Amino acid sequence: MSTETWRREELLIAVLARLLDGVEHVAVGASSPIPGAAALLARALSKGATRVSVLGSRRHNPFTEGGRELFDCAAQGRIGAFFLGGGEIDGEANINLVGMGDYPRLDVRFPGSFGSAYLYMLVPRVILFREEHSRRVFVPRVNFISAPGTSEPGVYRPGGPHALVTGLAKFDFDRARRRFALASVHPGHDAAEVAAETGFDYDSPAAVPATEPPPPEWLELLRGRIAGELAETYPKFASAVFGKAAA
Amino acid sequence: MSTETWRREELLIAVLARLLDGVEHVAVGASSPIPGAAALLARALSKGATRVSVLGSRRHNPFTEGGRELFDCAAQGRIGAFFLGGGEIDGEANINLVGMGDYPRLDVRFPGSFGSAYLYMLVPRVILFREEHSRRVFVPRVNFISAPGTSEPGVYRPGGPHALVTGLAKFDFDRARRRFALASVHPGHDAAEVAAETGFDYDSPAAVPATEPPPPEWLELLRGRIAGELAETYPKFASAVFGKAAA
Amino acid sequence: MTATQFVDLEQLAGQLPDGAFIALPPDYSNVPMALTHALMRRPVRDLRLLCVPTSGIQADLLIGAGCVASVECAAISMGEQGPAPRFTAAVVAGRLKLVDSTCPAIHAALQAAEKGLPFMPLRGILGSDILRHRPDWKVMDNPFADTPDPIVLLPAIRPDVAVFHARWADRQGNVWIGRRRELMTMAHAARRSLVTVEAIFDGDLLAEDELAAGTIPGIYVDAVALAPRGAWPMGLADLYAPDVAHLAAYAKQARTDEGFRAYLAANHLEPSLVD
Amino acid sequence: MTATQFVDLEQLAGQLPDGAFIALPPDYSNVPMALTHALMRRPVRDLRLLCVPTSGIQADLLIGAGCVASVECAAISMGEQGPAPRFTAAVVAGRLKLVDSTCPAIHAALQAAEKGLPFMPLRGILGSDILRHRPDWKVMDNPFADTPDPIVLLPAIRPDVAVFHARWADRQGNVWIGRRRELMTMAHAARRSLVTVEAIFDGDLLAEDELAAGTIPGIYVDAVALAPRGAWPMGLADLYAPDVAHLAAYAKQARTDEGFRAYLAANHLEPSLVD
């Protein structure tokens, strides 16, 4: 594969890495290979100014105070960015990691809220990432709010949603207006397709730019050094996307 | 020194060790060589059923969660007995580790309250120990309550004072009546001397028994094994009383 | 507080009463799988699981085998292998009493128990439906703020028993867990701790700082059983990696009840006929 | 959060601003005496000391040398060597703003800061005059109890700087503290941590669990300076014991102001003329 062409995953990694620009410390959850790769790429591009903590990794997880340290560290203001996903995400950036149906009698059960109800409120730059872009995921109103997109005035909330990246597009989030705005559409897709697949209202400029593809030097980094770093924590992903086995 | 005779310190160690009978885990503060020796003696006599944690010791301190673990452990109900002293102690078992005078303008300053305000209320069997038995120490009312002897109904207090041991005598404490009762006077002293040197009221039986001296086998243990164990944490004391240097 | 007992794996499983409120470690932290298998063979019944703060195949097996009355967790998932199949099926079928939480809330509530506190405050969570469905959690105004500042209060969680695997125990019952400090908090918070280990350490784990730093003192450890490779098919820290092929096969096979039964049979996890 | 800096001892002392709110370790835990000496020579001024939860010669020297504006502590004492002489004299002379606390309250208030909480509850203390003189502490009824159950609430303590000594730092700024976990809490709770070490560790302290278990990650460590035997005359864990003769001589000599001045001169601790 030449650096002129890129895989869909590589584009997404590049989009996420750009959103980490200037962040001093980014933490990434387990089971998040694309965000994990984006964080490692951002670190490489920052020449080490960005620190990365990959949960579930032995080599890239610096924590020594057990499972609670991530959360304490976030509350101390020492984590600048974090990624969250959602089985459902609505137009006010509420996320649902619990299930669909009338809780507690659910028709579909997701794994659970993990630390979202906390980290979404404490980490300044939370980036929502969900590859599947469909009306099943992007709904008018989530069935269950694992973590709210916005809070009432007076609620202690140094953190919150910053952007939403999907397999089709990138959105910015305006916390005051409680609304997403379409920022760019990935190459090969268009704004009409995004509108057709999105179940909530959002702002859209008259002309929607195309998402910038990953520059060749980023692809080189990704396919070499980052793929190797990634293989330890996400062996399945690293071998499928980059053909790398864990060291 | 034969086992027929004993030093004053050995008598006090024996009195304190008797008060630890049946305790599963006793903790001893730093700078407390006589209580420390008593705890180690109680452990030896229990054939290991009594666990001893000597703070400040490397060999006899099991804690691995830092300075807070003693306090957490006590709150979990895992510490059965602890020793406290006091620059002043009054007849309601209030103790003062802060100073004499009109706080904060003190005429005499003691080191401070350490963990007394907490441990006195959480450890079931707190043994008060103060060698100096004088009206300077045993006062009608302490200048400053570092830790109260008793609490109002409704205050969470699984712990509290159990006995008071001094260079002259042993007292029991009645929590309901908020009063000490003279239990025994050490050999060589009498009840009148105790009364003359005590600044607070207490109950006294018509005939006050003499404190039981340490049996020969206890003295043998003390001068051998316990002295060696003690030397690591209390080198000055161990060498002065038992002539032992740290291993 | 009495001396740590050394028993065999079946005896250790026998010390966990039916109906116990039991704390389980997360998938990245010394999962006691051999003990879980022994509990299934016994079989244990009506466990109330507390996942600290999540679980994977361990909770999924116990749920599928009918050993579980209720679960409190922040999530149950098999990570890169996908959803936890028996957990998911049990919830959708309405067969499992499930209390949804969030990771830091479980950590904080255990710390409250560790500190003998009735409750612990925690930031975040306000506006989440988790809070709406937790009548046991309270919201109050931070009394140190000048303006209204709502904050969540969590009641302490004190498990009956903490279970986990570890590399070593010494003969005094001290257990080495390395950097897996959530196990330390579990052991402090729980009334009792039952531990399996790869091996007995011939010496005192508390003697030198290198090992003592990662050691749970024996005062918190009630019983220990040997279980070499006792975390399999999960991994154990620096020692061995998870058996990814086995986990992937389970995640797929256990999607159906029949597949799950077949997995139990193939792995000798069915209730034993003799006890 | 930027990369840990490696500087010399005087530069490290220079990074501590006058007037800083500074957390000191207890006497049993990696006391940074060489750094303290450098601070005295500088001299630093108007420090607000937080003893975690007690201190000895470190606080006594700083108080005696006029570097201290206020102290919060559970006790200041030289242990078996007797009272801390300059502390005692300063309090009796009314020269020191002193906030009396109790050990678990300082630990808990630091844990509140570590968790980003505004406050932490704590059992005990009710009925103590410590509480009566702490207008910053509050008492409320435990909202989880059916009957009135008063409990103390402590506001979080967030020091500007934590200072301590350690055996090793590696080149990533990770610092090995062994079992001295109060240093971990201090580093988490404080805005910045300045650390002296016996030696640089040639490798990654987080690479293997044996050492990682006792290591503070570099994300909490702002600057490191080499200071061999940097805890002297205090001891350092398994490495060297306290210099008891020196401490005893200090405890005696510093009872008078003249004796204290002579001690400073003899140990080259007077403010330097060149800066």
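Per-chain residue numbering starts at 1, and chain names A, B, C and D are given in the order in which the chains are listed.
Methods note: a residue touches a chain if its C-beta (ideal position, glycine included) is under 8 Å from a C-beta of that chain, and two chains touch if they have at least 3 such contacts.
Keep in mind it's a predicted model, so treat the numbers as computed, not measured.
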* Determine which of the two chain pairs, A-D or A-C, is joined by the larger number of C-beta pairs in contact. => A-C
* To do: Tell me, please, which chain's centre (mean of its C-alpha atoms) is farthest from the centre of subunit B?
  => A
* Distance from subunit D to subunit A - Cα centre to Cα centre, in angstrom -> 40
* Structure fact -> When centres are defined as mean Cα positions, the distance from subunit B to subunit D in whole Å is 28
* Structure fact -> subunit C and subunit D have mean C-alpha positions lying a whole-number Å distance apart equal to 36
* Residues of subunit A engaged with two or more neighbouring chains -> 63-65, 71, 75, 122
* Per-residue multi-chain contacts in subunit C, two or more chains -> 108, 111, 115-117, 122-123, 149, 151, 179, 184, 212-214, 237-238
* All pairs of touching chains? -> A-C, A-D, B-C, B-D, C-D
* To do: Please give the residue numbers of subunit C that touch subunit B in the complex, ascending.
  => 1-3, 113-117, 174, 184, 188-189, 206-207, 212-220
* subunit C-touching residues of subunit A, taken from the complex the two chains share -> 30-31, 33, 55-56, 58, 63-69, 71, 75, 97-99, 103-122, 144-148, 151-152, 154-156, 234-237
* Under the touch definition given earlier, write down the residues of subunit D that touch subunit B in their complex. => 26, 28-29, 52-54, 73-77, 79-80, 83-84, 87-88, 91-92, 94, 98, 100-105, 107-108, 111, 122-131, 133, 147-151, 179-185, 237-238, 244
* Structure fact -> Per the touch rule, the subunit D residues reaching subunit C in their complex are 108, 111, 115-123, 138, 140, 142-145, 149, 151, 153, 155, 177-179, 208-214, 237-238
* Asked: Inside the complex, what are the residues of subunit B that reach subunit C?
  -> 24-25, 48-49, 51, 53, 59, 62-65, 71-78, 80, 122
